[in-house]
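Structures are listed in the sections that come next.
Here come two complexes built around chain A, the first alongside chain B, the second alongside chain C.
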Partner chain A sequence: MSATGAPVPDDAWETLRRLPRGRTIEIETHDGHRWRGTLVPPHDLSGERVVQIKLDSGYNVGVRIDPADRLRLLDEETGNGGNGGNATAPSRARTRDGEPWVALLSTGGTIASRVDYRTGGVRPVQDEAELLSFYPDLERDGPVRVTPVFDRLSENLAPEDWQTLAREVGRAFGEGARGVVVAHGTDTLAFTAAALSFQLENLPGPVVLVGAQRSPDRPSSDGVTNLAAAVRLARTAPIGEVVVVMHASLSDDRFAIHRGTRVRKMHATRRDAFQSRNGPSLGWMDAATVHWNTPPRPAATGPVRVDDRLGDHVGLLWLYPGLSPARAEAFSKDLRGLVLAGTGLGHSSTVHLAWIRAAVALGTVTVMTSQCLDGAVDPFVYATGRELLRAGVLYADDLLPETAYVKLLWALGRSSDPREVAALMLEDRAGEFTGRRLAEGDR
Partner chain B sequence: MKSGLEVHQQLATGKLFCNCPAELSEEVRGRVLRRLRATGGENHAIDPAAAFQASRDLRFVYEVVPSSCLVELDEEPPHGLSKAALDVALVMAQLLHARVLDEIEVMRKIVVDGSNTAGFQRTALVAVDGHLEVRGHTISIPTVCLEEDAARKTGETAGEVTYRLDRLGIPLIEIATGPEITSGAEAREVAEEIGMLLRTTGRVRRGIGTIREDVNVSTEGGARVEIKGVQELRLLERYAELEERRQRFLLDLREKLRSRGARPPSGPGQDVAPALTGPGKGFLFEAARRGHPVLGLVLPGFRGLLRELDASGERLGRELADYARAAGLRGLVHSDELPGYGLEGDRLQALEQALGTGPEDAFVLVTAPEVATAARALAGVSARAAAALVGVPGETREPLPDGRTRYTRPLPGRDRMYPETDVPPVRVDPGHLRELSASLPPRPEVVRERLADRYHLNPEVARQLQRRGAVETFESLVGRGHAAALVARVYTQDLPTAEADLTAPVELAPALLEEVLGSVAEGRIAKEGIASVLRELLLGAPTTVAAIERAGLGGGPVSDLDTLAERVVAANEALVRERGDEAFSPLMGDLMREVRGRRDGQEVAKALRKALASRRAPSGG
Partner chain C sequence: MSATGAPVPDDAWETLRRLPRGRTIEIETHDGHRWRGTLVPPHDLSGERVVQIKLDSGYNVGVRIDPADRLRLLDEETGNGGNGGNATAPSRARTRDGEPWVALLSTGGTIASRVDYRTGGVRPVQDEAELLSFYPDLERDGPVRVTPVFDRLSENLAPEDWQTLAREVGRAFGEGARGVVVAHGTDTLAFTAAALSFQLENLPGPVVLVGAQRSPDRPSSDGVTNLAAAVRLARTAPIGEVVVVMHASLSDDRFAIHRGTRVRKMHATRRDAFQSRNGPSLGWMDAATVHWNTPPRPAATGPVRVDDRLGDHVGLLWLYPGLSPARAEAFSKDLRGLVLAGTGLGHSSTVHLAWIRAAVALGTVTVMTSQCLDGAVDPFVYATGRELLRAGVLYADDLLPETAYVKLLWALGRSSDPREVAALMLEDRAGEFTGRRLAEGDR
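Take a look at the complex of A and B:
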């Protein structure tokens, strides 16, 4: 690298693109303007030959480098590339013997993400220290042991990751955790919640999944209050089931507690995106109280049973006008289980009857759910439903399509006999059926 | 003194990052409660101003109105930067001869006082290195920025602040000048000149609060102090001048403190509530009785200097109290205002003993229900006292209606800014820039020439119309048949006279102004009555008729001016006999008082001359 202060010869762009971030530079443009500041990572969507410089005022400016521009380096290379820096871990409270503690399993997602200045997007945190730097009050009411399990956005999680998580939850209870909190991306949080609901039995404490719709590097992040509520519930609630805790409204003072099998992300961006479908949420909480709308499953004396077996070759197909039977048949080929998200009461166009009949005959467990999400499927109201029933389609009452998909994976992990699988599918295992749907109520 | 300005002008283009209209609203449709905390920027450092604001741990209530959507609530990512608003900024950049950036990057400026739901304000640097000529003096324009306005504060109680979302997201152009302004008067002129230039774009919002100024003042040996949110140009001068005086006062005080060997306070202070037990009047005793902490801190060598009063109304005691207030307390008690608050005689001695103050030492006392709150306030006061030994602390200050200012928070630094990654950077297309520059609005001097030419206005009168932002209304009123000279007079003489007594600025609707002009045309009032009618309208008269009545100009026109003139002359016969034609002036005054603005002065003079002449004629014949 050239000596400090001396102009860098030739095309400044060639030097700049290789220069570590964090260097103090000055660019003298061909028309006589001088830009002085710190070189910061360019935005993903920046134009060609554009560098980003952070001025002393704090503003970043994009400067297009002309071959005639001249570059000066105003400081020595320090080896600290300035790619965001690393937080120092806050001092941890040590767990005293016998003091109840909460396990926090971090999987990535917005709740454990920060702005990435290389890509311009948000990226998951890398370690426990970085996570704790966002949530300095985490251990206010007692110890929390953080275990980073994944550092992935939730759209990148797959069923085998649910198995890993189930084992980690089991291990945490085995080590004596009072409750377990899973910090998770919100996109597929409901899938994971359903999977854990089926995989974990005889729970001695709460398993609380929590996420954030705004990343914690923002002063307004909902992750802070959501996580605090989740940890509080995990520490104090005498329940033995898998729940999701997120904002109950747009305000930061009330949190809904959803059953893991009945919850769905219903909005792309709002803080209160998560809703229980087909009935009230399990309960809600604020800073002082926890209120149950329906009785939660009480905590078992333990030990927790982890059955992480999952089947494979399961599909979820959204039926829509114009879907060709050939395409649908190709999708369902070789599947051991298929969830259909049908229209209305659980219908498909009659053009699909032939391949569905054939698939069921070949042993594909085929489950009908409703695209409407709210309300239950019913094969007896219209002729189409009766035809599908006769074809061997399993009508799954008010099971949500995603929950049905997860449950089918789980059921196929326990049995390969379609009749046994069908029986498991219709048995209420984790509060996944509501049974009755009320005219009104607190959703 | 060196002073710089930041002029913030709202644009009438719709909001900067969503499709909401840029309109204020009184229709509150819902409320949302939020909390904010300080977060670090790219390098994890937390800005001192942000940390300070977050330390107050407030609850924020946001009022949802029709002119807001999920974006204002921080429930949806920002949409792309408004092209219409950016175009106005690009036009301004060119009018200011500034260099437009190749690529514009939207930044987040951390602000956790609740005025932005996200906890940051979005802002983008658009152009740099411009300049402006103001009466032959070149003022540099280092930056032109485009940013979103903050939410509007509509209420505040202990621990909770209410904001309305209508103003949040309205585009603001921020134009900063270099520190080349040398007087308050010049600051005002520069602000007016920038305001004029902004209005030529035709895309700015009008009315009270749509243009706001920040004043940065530094003095030789002092520090940079930012006075934020001055809404009245006429007070700009006073803020800048009082700030200069305050800084000089603080520098003098520093010398006095140093010469006495004063030292910075040490330690976190101590709870003296035990020394305040038993009977005693005043809020400190009351606090101690309730079991609240009363924290005391010794200021070594400060005795007597806390109450020293400056011509600008400043004293160090007030500065210290402002720091306690900024931390959420109502104020503090300092030893230079004792005896008082029930602290005298033995009680005072006991207290001083508990604190261990020497004869040269001062002390301060603060109290709050929570120890943490009181301790935080005392830490601020301690730091401010220590800064008195160094000189003038750099601060953000809030303008008060009387021209003074008050400490609000530390100056923010570069750590408050980090990139807004939800909005892609905007490349400025050179072709588009050329198109805009080919159709720039006429510069103010060109408009002035046109006004002078077309309406035969004096150039200074034309300039005054521009400063008031009245060119458009002026031309429309003249276009509807009102005499140019009369309309210009209303703007340059009558309105300023009418506004002189107002305590807060009031905007007069053009329709009302036209009604007043109509009253003159119909002979209901004379030109001389315009100012007092306008004054009544500004003070709240609901209609022009009511304003005429309140101004005492009711009772219709004076129809028989001649008779009135004859009566006045007759009543002063002796004077007329004695002084002849020289009696005209005193009698004119009497007659004008009788007429009270209902008739034109020239007509009154004519009638008086006629009456005087007729009086002399018989006696002379």
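Take a look at the complex of A and C:
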């Protein structure tokens, strides 16, 4: 286990140093471990005799090479060329005419990042080749065309980026993609999923948003398995929906399929951070199966319709005790649309009634949701709700606050007439209302 | 099953009409049902021959009386006077010297409301007697002194009301209460629980906040069982904490005990709407047992300390894609303290860095939490976090956004020096940080 030292001509390290990434290897260490997998690019650990190997399980390990370790080159022996050779070839060139292919739109985020060991932080990968080097199995079942759209952490994406993405998805289907995968940072992934759900109609195949809670070069990364699942779903599912695929639990072999309008990031770090709210996920999948909990929207025939119009001057305000009406009013100034995340069944303190009434009178479409996240708003149970309703507030059933915000941007892109916007808001467009009758226990 | 009709002198209805509320009765209906319980005040259904009976299970039923039904007065027969007679006597008068008693502070909300059948809405009960009439078993195990503090839906409570409540709790312990129950609307119950957690120190007994998702006159009300559990915990638990007791599931016989700083209303309507975030609840209880998942803070000796000071000009802002920096800045104007509910590990778009930096420079204590609700913020993983940290933002580990807001009000009531406030914010005062080392799966 020597850490450094002069090169030893016949030890495994010298061979490994020169070996192209993507080769399938096996290392038998002098102390009895056996590591088998694909060689991936090293971290900033040069000189430390460490190689990174992507195991068949999808995990990466860093193995420190001892002069006594033994190396076998498995793909030379079997003559199959390995998977990793793909990593440096432009993927588009490998698409044969007529063969179904998946479009992978890369936007940045952890799924396309790596740990920078100098800062301890995470930085985006440099190019498509580096991205693919982390995902050597991506094209195991068929071609994937990678298009880098952004290279940004998702907290820095804005509604205009949703418009760009919608157009890119439309273009991919226009070029014949069987399905589209969007690799995305997890911070605002659910917002983008909701936006694409409203902007894209008549989808001829799945649009699968996917992210990672840990960068793909980390041993515990969920990026590899998530992305493989997303690509498989995009290639095979006969659905016409925008969905989110992420770990269903801490286990690496089961993935939840969330409807794009019903999902929320509910944990800062866990791999199963994404949860469908107010009901089960749309479905789940493992290596062998795709199971639908509720029927997905089937794939449409004919071309996709992209309507990327979005309004502006829309706000989302979470209410809380002690929020002064003046502050809430300052926040709401000049808004064309305002989503309130009220308490309980969709309540505000009565101190807010005056400015809400005034805002509605000035034409601000004002929509009530619940900060509980689960359950539905209802203006008819308490006096507070009835007063807000009389003030002109629109009660949005069980729309999630974030989805209501995205939908209001979308609706205001289509009409500036508050009544038309209200009608659009209450019409189910993309499964954003669960529509299930509440059981007694829920009432 | 005649719906109306002239009085039939010798049928059960005539007797029932004249019977005082609180009597223990049994009705054997002509079609073979048997209802046994305590007579409670009727709804606005007079003339329809319907009586309301609170069953031993805690549920209310409305029974339509047929002339052929048979009535038995159980408390006359057994001579024990029933439970319900308590309802109209002032409860304080029944406290014998030296007998342990529980203080019940009533603030309004569903737990102290009833359905108004004219409007279909819910209205607060009129007085203590009406409240107790819904809870005839309240004093089964010992005296309860009821003090109406407010009669308000909790969405209309504000931080100054938390101050009043803190003083009332202090007064009750000062007068010798064994424990204190606060009956509270559920909308902002978690905010109040957090506030009392910080304002009250050296608690000699439990402070138990309790609410109901359905008013106590409804057959499916959870108010009766919740309140009974809360009173029992307040009377018996040797703890010195502020906790929330609500249904643990849809079942009526198990109650979760939540730490006041770790709980959130997570469903608009379900009886088990309250959930501890980022870990298990503090404990649970059923009719026979109290079980602690983690050790509660033991009851203190010596008098309770009430420090009801709260700062002002504190805001809570949830971030989202498309929030304009100008709007966020307008919201944050003149704030002494600002809690941000950022995305993921505690991020904002970089478009907000300038005004955040300026606000911090002007002395606004700016605290970052995560809108995921679960997991902890961490500024060291991504460039965004490191920039926010450099801008002077305080990362608040796994404080819930709402708890952070309440705590910042509290901290600014104690100091106006941003460094002192920051130190107070990061010090565990009332179990507000879970403090558990994150397991690999969580990282």
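Keep in mind that, in the parts below, the second predicted complex is superposed on the first by the 340 of 443 C-alpha atoms of A that agree within 3 Å, B and C clash if a C-alpha of one lies under 4 Å from a C-alpha of the other, contacts with A are read in each partner's own complex, and residues count from 1 in each chain.
What we mean here is this: a residue touches a chain if its C-beta (ideal position, glycine included) is under 8 Å from a C-beta of that chain, and two chains touch if they have at least 3 such contacts.
Every value quoted in this text rests on a predicted model; they were computed, and no experiment measured them.
Asks: Just chain B (first), just chain C (second), both, or neither: which does A:Leu250 touch?
Replies: A:Leu250 sits against chain B and chain C alike.
Asks: Is A:Gly315 contacted by the first partner chain B, the second partner chain C, both or neither?
Replies: Once the two structures are laid over each other on A, A:Gly315 reaches chain C alone.
Asks: Regarding the shared-chain residue A:Trp13, is it in contact with chain B (first), chain C (second), both, or neither?
Replies: Neither partner.
Asks: Hey, is it chain B or chain C that touches more of chain A?
Replies: Comparing touch counts on chain A for chain B and chain C gives C.
Asks: Counting only touches as set out at the top, which of chain B and chain C does A:Asp217 meet: first, second, both, neither?
Replies: Touch partner of A:Asp217: chain B, not chain C.
Asks: May I ask you to decide whether A:Trp101 touches chain B, chain C, both, or neither, giving the answer as first, second, both or neither?
Replies: neither
Asks: Go through the superposed model and pick first if A:Phe150 touches only chain B, second if only chain C, both, or neither.
Replies: neither
Asks: Please indicate which partner A:Thr269 is in contact with in the superposed arrangement: first for chain B, second for chain C, both, or neither.
Replies: Once the two structures are laid over each other on A, A:Thr269 reaches both partners.
Asks: Is A:Gly344 touching anything from chain B or chain C once the two structures are fitted on A? First, second, both or neither.
Replies: Only chain C is touched by A:Gly344; chain B is not.
Asks: Return the residues of chain A at which the contacts from chain B and from chain C coincide.
Replies: In the superposed arrangement, which is not itself an observed complex, chain A uses residues 120-122, 214, 220, 250, 269-271 for both chain B and chain C.
Asks: Taking the complex as given, what residues does chain A use to touch chain B?
Replies: Chain A residues touching chain B: 33, 40, 43, 45-47, 50, 52, 54-64, 82, 84-85, 87, 115-117, 120-122, 133-134, 213-214, 216-221, 224-225, 249-253, 269-271.
Asks: Which residues of chain C touch chain A once you look at their complex with the stated criterion?
Replies: 119-123, 153-159, 162, 186-188, 191-192, 214, 220, 250, 265-271, 273, 314-318, 320-323, 327, 330-331, 333, 341-351, 370, 372-378, 380-384, 386, 402, 405, 409, 438, 440-443
Asks: Which chain B residues qualify as touching chain A in the complex?
Replies: Contact set of chain B toward chain A: 32-40, 42-44, 50, 54, 70, 73-77, 99, 101-105, 107, 109-110, 112, 117-120, 123-125, 128-129, 143, 145, 413-419, 421, 424-425, 427.
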